[in-house]
Amino acid sequence: MSTDVVISDDRASSRDPRMNETTPPLPTVKVSASTNQRETPSRSADEMAQQAKKVVAHNVDFYYGSHQALHAISLEVPEHCVTALIGPSGCGKSTFLRCLNRMNDMIEGTRVCGDILLDGEDIYRRGTDVVELRKRVGMVFQKSNPFPKSIYENIAYGPRVAGLRKRAVLDEIVETSLRQAALWDEVHHRLDDSALQLSGGQQQRLCIARALATDPDVLLMDEPASALDPKSTAAIEDLIFELKTTYTIVIVTHNMQQAARVSDQTAFFFEGHLIEVGATNALFTKPTQQKTEDYITGRFG
Amino acid sequence: MASLPSSPTTAKGTLSPGGFRWLEAAIHGLLVACAVVSVITTIGIVLVLLSQSIPFFRQVAPLEFLTGTKWAPLFEPQHFGILPLFCGTFLVAGGAAMFAIPLGLGTAIYLSEYAAPATRDIVKPLLEILAGIPSVVFGYVAVVFVSPLVRQVFPQADLFNALNACIVVGIMILPMIISLSEDVLRSVPRSLREGAYALGATKLDVTLRVIVPAALSGIMASFILAITRAVGETMAVSLAAGAEAKLTLNPLTSVQTMTAYIVEVSQGDIPAGSLEHRTIFAVGLSLFVSTLLLNVCAQWILSRMREKYE
Amino acid sequence: MSLVGNTPSPLNTPSPLVPAAGSQQLLARQAAGRPWAKLASRLFSLLCLLCMWTCLAALFLLLWQIFSYGWARVSLDFLTKSPSQIYPEKGGIVSSLVGSIYLIGLTALFSVPIGVGSAVYLEEYAPASRWRTLVQLNIANLAGVPSIVYGILGLGLFVRTMGLNRSVMAGALTLTLVILPIVILSAQEALRAVPSTIRQASYALGATRWQTVWYQILPASLPGILTGVILALSRALGEAAPLVAIGAATYVRKAPKNLWADDFSALPLQIYNWTDQSQEAFHEAAAGAIVVLLTVLIGMNALAIMLRYRFAKRVQW
């Protein structure tokens, strides 16, 4: 068990910088103030070009049995940016998202061709440890799916399965994650209550906090606000804005306003093809493809 | 415990496993072993039955075994024709089915089409209790309560007779028929009923002309499964039906089923390895094959029905 | 069913599943136009109700007869004294009661891990393959194999080949095989009821397969698994046929001491033995033993039903 101690110390120290940033007096006030003002503006194409390529997909095909759901998708996701995947339902955007942490592996009869690189490493290479991959690529689902356990246990689950046992460290991670997800103030006095008692919006933020607790590099969000009321949606969007300073975010949304609000880069999917990708401002103002224009002007979908 | 310390060695930046996940692999192996137990059970059943049946069939011609009309392996002159045991078995199972099927189907229809949810909530657990009563208890009921009753109505009946067994086995398989048929009746899509009701059809019309026909194959499967259960039924039958292997369809006489014969020999002092003792393996094999055929048949019907609705 | 014949057929389509539009109208008109169609419908519902009451009456009559007949025999003495073949009215059931307790304890010990393990393997590990289909089909068929056939297997495998003789161990292993399919099938159902969102959430957080099963899926499905296990064990408790087939004694005076060697009896076997005698006093003793057995079994059933009911109420994912 000594190794566990080493890990936990290691992890704790690696988290220190972030913790110092958020734990001092009244950090949540700072967080909410900053989100309201939106200090971090959308990044321009030039800024994004300077960022390292966090995830690179090259010629990705995807099959459900004999049905091809993705056709030669090539997409680069710059670090610390929000990339939005938009398109009509069934266009393959969610499927592509789930390729990025290999959640599609769980569906029987699926097949992937092409390369997806995370920091230059092919995640579909033989011998890749999907468990390691998923620790680095967190995911938030369309429908909030808290475990039927306490709030605390929900957040602590990821670190625990990674081998973290020390209560004090877990306590810290739970607090930091909840603060990052702007949920701490609402739930800190009832961490032992069942997560299922939270409201829909709170549950979804809990799921985000849970994903952050494993300290991922990339956060995948599959229509995270589609089942929420406008107020909760706004909270989630603020959160995304806040989180991109630390994480690289890929978000699937069917809501074009949302994509325009939160993302730096937008990719438009249609019938399994990637039609167009570019800086969000550019794509929404001057789309180069007719299909994209039709879609964003509401002619279909 | 369940997690493996992979993070420190692999750190961030590589996706290769930090080491083989021994615990995961060991558990996977254990679980496979668990699943293999059931496969081995089947193989074991076949092997054990064959290992003693093959020597038996070296001494008794299979044709004689299958077509002989006299079963008397324990007395001189010996006869090894299994037909009387078959006859007894299917007399009891058929008799049980004859009154369990209408009663069970009627109850299932009532529960699925007429009963209020509250009624269902009370009746279904009660039927589960009926299903949970052990077979030896039914045997007792047959001997102590049913047999005197039968002999009052039919004074010519034997003390132990097939009718006793039919009645108690019928009660035993009732819960099975009810719960399986009710499941299939309820699985008939709502839209089908509503379509008919919207046209002003009475409940009788809808039930007998729409729902029951739509669920017919599933109901049939439930009957077959219940009959399978009756064929394999042992304790009640061996207590109630007597021990005379007879080729008869008269339910008022004493008969012997395949299962009851196995019990009779198991309780006696017949030395293992003798021809007489091997009969139980040959009879067991016949029983196994008959129930297997019935089962496979029922499952085939059910899987075809599932395909239709999914 | 005879009502079908009495009702003039408004429908001549062979497949009532998809009645043609024309015959549907016919059906509607005729149903509305026949005053006694309503009567027939009413009669039919009464007939079905009668069926249900007959079933329930059979259950109550059976329980009433047994309890009124056997209740007088049940006492502390009855539970703690050895059975007697000479003075049935004085004997008790202690030897078979203890035998049954050992038997069920060991059966639970063997069948629960193996059964739940198989279910977890089939639901959470095995990819859709011919192998899984085969195992699944095999289990479904085993569930329909008569229990006495398992007894013959136990006789050949445990009693003879493994040399366990007519011991409690041989009996428990045999009963384990009898109830294994029931445990597996019910555990599978309980595992399937756990929503896949829970699995996905766990895997997405970097949990391994076993971690997901151990920390999320098993706890979530525990009530369902428990229900199935209790029902399966209650089946094992009442099972006599496989024990008879392995040659277990239907009557022993002393409870077994050595689980690997001593002869043993079990409650259902003792009941069988007493029922098979012709004297009235034996039948009374049998009724007493049945009262004891049924009380335990109905208690177990009630527990299982309660568990399932609470589970259904509590879990709304």
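Here the chain labels run A, B and C in written order, and each chain numbers its own residues starting at 1.
The rule is simple: a contact is a pair of C-beta atoms (placed from the backbone, for glycine too) under 8 Å apart; a residue touches a chain by one contact, two chains touch by 3 or more.
On a predicted model such as this, the values are computed, not experimentally measured, just so you know.
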item: Chain-level touch network, classified as line, ring, star, complete or other; value: complete
item: Chain pair showing more contacts of the two, A-C and B-C; value: B-C
item: Whole-Å gap between the CA centroids of subunit A and subunit B; value: 53
item: Approximate Å spacing (C-alpha centroids) for the pair subunit A, subunit C; value: 48
item: Chain centre separation in whole Å, for subunit C relative to subunit B (CA means); value: 12
item: Per-residue overlap in subunit A, given as positions that touch at least 2 other chains; value: 131-133, 135, 160-162
item: Residue list for subunit B, restricted to those that touch at least two other chains; value: 2-4, 21
item: Overlap residues in subunit C, where contacts from two or more other chains coincide; value: 208, 211, 215
item: Subunit B-facing residues of subunit A, complex; value: 3-4, 6-7, 10-11, 118-119, 121, 123, 125, 127-129, 131-133, 135-136, 160-163, 217
item: In the complex with subunit C, residue positions of subunit A that touch it; value: 101, 103, 106, 108-109, 131-135, 138-139, 141, 143, 145-148, 157-158, 160-162, 207, 210-211, 214
item: Subunit B residues within the subunit A interface of the complex; value: 2-8, 10, 12-18, 21
item: Touching residues on subunit C, where the partner in the complex is subunit A; value: 127-128, 195, 197-208, 211, 215-216, 220, 315, 317
item: Contact footprint of subunit C on subunit B as seen in their complex; value: 2-4, 21, 23-24, 27-28, 30-35, 37-39, 41-42, 44-45, 47-49, 51-52, 102-107, 109-111, 113-115, 123, 125-130, 132-137, 139-141, 143-145, 171, 174, 178, 192, 196, 199-205, 207-210, 213-214, 225, 228-229, 231-235, 239, 259, 262-263, 266-267, 272, 280-281, 284, 287-288, 291-292, 294-296, 298-299
